[in-house]
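Structures given as structure tokens follow.
Presented sequentially are two complexes of subunit A, the first with subunit B as partner and the second with subunit C.
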Partner chain A sequence: MAGTMSEILSFVATFSLIICLIISLYQMRLFFIKYDTTKNNHLLFSSVQLSSCFFSFAILIYIFLTSNFDFQIVHSNSHSDKPFIYKFSGAWGNHEGSLLMWILILTIFNFLFVIYDSSNFKLRNKIIANQSFLILGFLAFCLFMSSPFTLMEESFSQGLGLNPILQDPLLAIHPPVLYLGYVGFSLVFSFAIAGMLQDKVDQEWAIALKPWILVAWIFLTLGIALGSFWAYYELGWGGYWFWDPVENASLMPWLSATALLHCIIVLEKRNTLQSWTILLSILTFSLSLIGTFLVRSGVLNSVHTFASDPGRGLFILLFLALVLFFSFSLFATKGSLLEKKSSFGAISRESGILVNNWLLLTILFIVFLGTIYPLFIDLVLEKSLTVGPQFYVVTITPILILLIMFMTITPLVGWTKGSFSQAFIKIKYSLIFSLTLAFAISLYFSLFPVTQIIILFLSFSLIATSLFLGVNLYKKNIFVKSILGRTLSHAGFGLFIVSVIANATYSEEKIYDAKVKDILELNEHQFVFEKVNRVEGENYSSIQAVFNLLRDDKPINQFTPEIRFYNDPPTATSETSIVQGVFKDIYIVMNVPQYQDSISVRIHIKPFMNFIWLGVLMIIIGGIFSIFQRVKSA
Partner chain B sequence: MTKKVKNRLIKILLSLLILIIAVLIITLNLRDNIVYFYSPTELLKMQTNETKIMRVGGLVKKNSINSDGSKKFTFIITDEISEINVVFQGILPNLFAEEKGAVVEGSYVNNSLFRADKVLAKHDENYMPPEVINALKDNGKWQGQ
Partner chain C sequence: MSKLIFILAFLTFTLINLGNLFAKTETSREYNLFKEIRCLVCQGQTIHESNSELAEDIKLLIREKIVEGESDDEIKQFLVEKYGEWVLMTPRFNQYTYLLWGTPLIIFILGFWLISKKVKKFRED
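== the complex of A and B ==
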């Protein structure tokens, strides 16, 4: 039996969500009210929506922090021995809690929109109505199908614990950041719906929408990067991206959002590509929905986990179908009318951006196919299969080559009508420089195959051209702020690609059986296995091996890989030990000694890892600059 | 031909070309990179001159894990009906153990011998790969919920 206190908490939290549900329902009346009359009402209602969800979420965190095992969600996902931070993050490390967080973020974006939109913006009513519709839909799901505040039938004095592999500080912040990205696109979706309903998809619309796309895109990029960084040091396989269905699910909305981010610029500057922008907005949000919920309900990993909890998966699929059906029927009736008659030449910046949009969507299609194909075959033929990472690498490479080419040239070509030859003249020095550099590198290292040399050359040109263009315009003192964001992001992308290739080609790994005092050699590196320690952690005990990297027989770096044994649930994890150098990481993992008297050690040399992260960081910072530029010129 | 028509034609041709190339590359690659999963019974029933990489999963048989003292292991994967001998060189995952579920990826040699390049196991003691559960269910040997 649950205690009285727990019953009160559960009631209050649920009641608070019901208030939000009712207000969201009431706010949907705005679909039928054409013009904004009182801004104050919006502020009042949206802040009640926000605070009621926030209140519920606070209760959720409270029951996790106090380890209140009267609640099902705490019992199945927490344990009183867990460190504080993981009790905290455990609140959203499960299906029900993450759903509540998703709704909370929906209300946050709704609230931020009410505060920040320009005062005479005609679409406000419809945007708020649509946002409230989304809040309503997910709240109904949360309350009726997967409430986080369900009480246990009998009392337990202890919980089942959280999967130890999720007990990591990065994984505590990874979901909220990723969700800020996903949910940010809900507002983009609402803009699209409102724009179609009001027949107003124009430059003003684009200017109002662009900062929201950027905000969501930045969080999504950061969220994916955090997940990838976590995979790199926690999983202990030496890689940072595995083309796993769950990773792909976050990459798909990113690709679509990146296309959207560029085509909104065309709409903003040239007032064309209206229907294409709308289509991308709908697509991005739909993929965000798929990204979150199909991952959470387990559909992506296997069709059969889906069958174990058909209610949830079905609801999401139905809701998604509903959203898609309405937005596409609206698009079918309104889409072609939105298009303004303004043509542009085959060689123009508009065309370049459009081509790159297609290329991004082609990559999206490849990822989609690789992710969905095994599911499809499993359903139809009942055969299990997986798609190897090689599929993605080989298939995406040629498209990546085209993508980088167009990324380099497009910013140099003028709007409406441009010329390639002029563009090439502008960047001839950076092209020559890049070609020389790529040749020099391929001669010196002689390890790279032809495709990689081509990509290296193109990436160098991209970096050089972006920087060149940035510096040139800075000198002329025009458009400095608007160029800075693009320069950073594009150069960052070039750096990212170069580093990924160098990393893939020069990564090394070797497996050893080691006993204490052994010396392990990998290339010019010598590691000495000093000793084994036993370490007691807060809720685990571990075996720690100590290795020293030697230079001239003197230790210069110490490595301490561990194997942790957790009690609840009983699980063992390997903790990697990484020493980050400027140009390469050295990465050591060990495994539980089984059936042998030595320990298994794997040493990885991972060159250019820092530059991969730096490239991503530059892409993100570029995005941030682009937001500020908009705020300043407005 | 007016300029506008010409422009449109170029665009359409370009997009068609990209589309065709893309679809071609994608389907060809997908065909080459699919890894099928088999239970030991299914694997033994198959025509076995296949050299493609595949996955086999089931339970690790009791007392079947042997090591030559270095990194080379042999063990038996069973679905309680048929057995496959597996040879593997490398590091076994932390939770690889007797009578637990495991999936190996590699190639079939002959006479129920399988050379594994990878041994896949998740980090949860109670975790059973869904493919293994299905294989056992198909045999009527599944004892879980």
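== the complex of A and C ==
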């Protein structure tokens, strides 16, 4: 039997969520109230929604920190020996807790919208009503189907523990950041619904919406990057992106959001493409929901799937169907009426952005197809096949080439009616420079495939052109800040692609069976296997191999890959040891020893990893600059 | 003048790189094959990444077949007959994968048609 204290906690937390549920239901009346006259009430209600969810979430964290095993969720996902930080993050390292976090973030965005929205914006009521509808839907799911505050029938003095592979500082923050991205698009969705209901999708709408798209997009980008970085050092396969279904599920809303981010510029500046913008807004949020569904339902097999309960997956699927049905019905009746025509030529900024959307959505389709095709073919023909990384590389590469080309050219072409030749004259020198650079690289490293060289050349042009434009305009002091964000993001993307290509071409790896005192050689590097240590961690014990990287027979870097053995639950994990240099990472990982006297070791040389992360960071910082540009100009 | 340099540079660089296309070594062939074969007992890994016994056995088998002079396709075909289509990381082009390999191209063309329609429509106004 659960203690009285636990019963009170469970009751209070659930009650608090019910208050939020009732208020959200009440707020949905705003769907039917046309004009906004009660601003203060919005602030009051949204803060109650936020604080009641926050209060529940705080209780959730409290029961995890105090290892209160009266609660089912704590019993199945925690252990009293776990380090403090993982008790904390364990609160959302499971289905129920992450759902509550999803709802909390929904209320946060609702609250932020009420605070930061420009004061006389006519869509406010409908947007808040729609946010409340989403809060209501997920809250009902949380309360009735997967409450985190369910008590145990009998009491236990110990919990089952958290999957050790999830016990990592980065994975503690990866889900909240990713969710800030996913859930941020709920507001984008609400803007779209409200805009259709009020027949108001115009420049003002676009200006009010754009910062929110950017906020969600930044968090999603960061969330994906954190996940990728985790995979790089934790999984020990030497890669950072595996085209795993769950990774793909987060990439899809990102692609759609990136298309939206560009398309809304056309709406903002030229007041056209209304229906297309609405469609992308709905698509982006739907893909965020699908991302959650794929991860939660257990349809996919992955470290990310912690709930393999088909009933729960079914709820998200039904909710998604509901959202899609209503938004597309609304779109079918309103979409084309909202469209305002304005003419632009084939060579113009507008059509360049349409090309961006066309290419990004084609990539999105490929990712979608590759992800569901094995499921589809298994269901229809009962045949199993694997869609591995090579499929994506082969199909996406030609589109990527076009994308980089248009990314370089479009910012040079004027609105409505531009000219290619003028654009080329402007960037003549950066093109020649990039070509020379790519040429020099292909001469210097005699083994460089032609596709890679072409991509290198185009990416160099992208970087050079972005910087050329950004810096040039900076000097003249025209629209300085308004393109700083774009300059950084586009140049960052160029750097990212260059580094990805160089990394893929020059990565080296070798497997050894090593005995103590052996010297392992890889290219010009020599590693000496010094010894094996036994290490006791807070909640694991491990075997640690010690390697020294030699230069002129003297050790310059030490590597300590480990195999960790956890007891609760019993699992062995392999910890990589990475030494990061400016131009290359050296990466050692060992496998569970099979023979007594030697261990199997894998050494990776991964060039330009830092530049991959730097490129992503530039993309994110560019996004942040773009928000402040917006706020200032609005 | 700058145009001429541009064209000359481009031609030289294409020619040099075309030459690179044909330079492939045997070790890279072995590695490339390993990266194309799925480890049957692991979670989403290739035999290249895996250290399981089965993966090691298949690696050995592939090495032998390379020495015997079999082509990549022959080796893949052999493994498919033994373990099923699933063993290949990249699905081959056959009746089960027409849709997989074909639809991206169709979507690509369809998308182009859609946006070009948009541009034209605006122009007529």
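Basically, the second predicted complex is superposed on the first by the 622 of 634 C-alpha atoms of A that agree within 3 Å, B and C clash if a C-alpha of one lies under 4 Å from a C-alpha of the other, contacts with A are read in each partner's own complex, and residues count from 1 in each chain.
We adopt the following convention: a contact is a pair of C-beta atoms (placed from the backbone, for glycine too) under 8 Å apart; a residue touches a chain by one contact, two chains touch by 3 or more.
Just so you know, these numbers come straight off a predicted model, no measurement behind them.
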| item | value |
| --- | --- |
| Room on subunit A for both subunit B and subunit C (clash or fit) | clash |
| Partner chain in contact with A:Thr436 - subunit B first, subunit C second, else both or neither | second |
| Partner chain in contact with A:Ile563 - subunit B first, subunit C second, else both or neither | first |
| Partner chain(s) touched by A:Leu381 [first = subunit B, second = subunit C, both, neither] | second |
| Partner chain in contact with A:Gly581 - subunit B first, subunit C second, else both or neither | neither |
| First (subunit B), second (subunit C), both or neither touched by A:Asn591 | both |
| Contacts of A:Pro449 with subunit B and subunit C, given as first, second, both or neither | second |
| Partner chain(s) touched by A:Gly537 [first = subunit B, second = subunit C, both, neither] | neither |
| First (subunit B), second (subunit C), both or neither touched by A:Gly3 | neither |
| Touched partner set for A:Thr395, first subunit B, second subunit C, both or neither | both |
| Subunit A residues contacted in one complex by subunit B, in the other by subunit C | 301-302, 343, 345-346, 351, 355, 358-359, 362, 365-366, 369-370, 373, 383-388, 390-391, 394-395, 399, 511, 591, 600 |
| Residue ranges of subunit B touching subunit A (in the complex, touch as defined) | 4, 7, 10-11, 14-15, 18, 21-22, 25-26, 29-30, 32-37, 53, 55, 65-67, 69-71, 73, 90-97, 123-126, 130-131, 133-134 |
| Of all residues in subunit A, those that touch subunit C in their complex | 237-238, 242, 244, 272, 301-302, 341-346, 351, 354-355, 357-359, 361-362, 365-366, 369-370, 373, 377, 381, 383-391, 394-395, 399, 428, 431-432, 435-436, 438-439, 442-443, 446-450, 453, 511, 591, 600 |
| Subunit B-facing residues of subunit A, complex | 163-165, 301-302, 304-305, 343, 345-346, 351, 355, 358-359, 362, 365-366, 369-370, 373, 383-388, 390-391, 394-395, 398-399, 511, 513, 563, 569-574, 591-592, 594-596, 600, 602 |
| Interface residues, subunit C side, partner subunit A - complex | 2, 5-6, 9-10, 12-14, 16-18, 20-21, 23, 36, 38, 43-46, 49, 51, 84-91, 96-97, 99-101, 103-104, 107-108, 111-112, 114-116, 118-123, 125 |
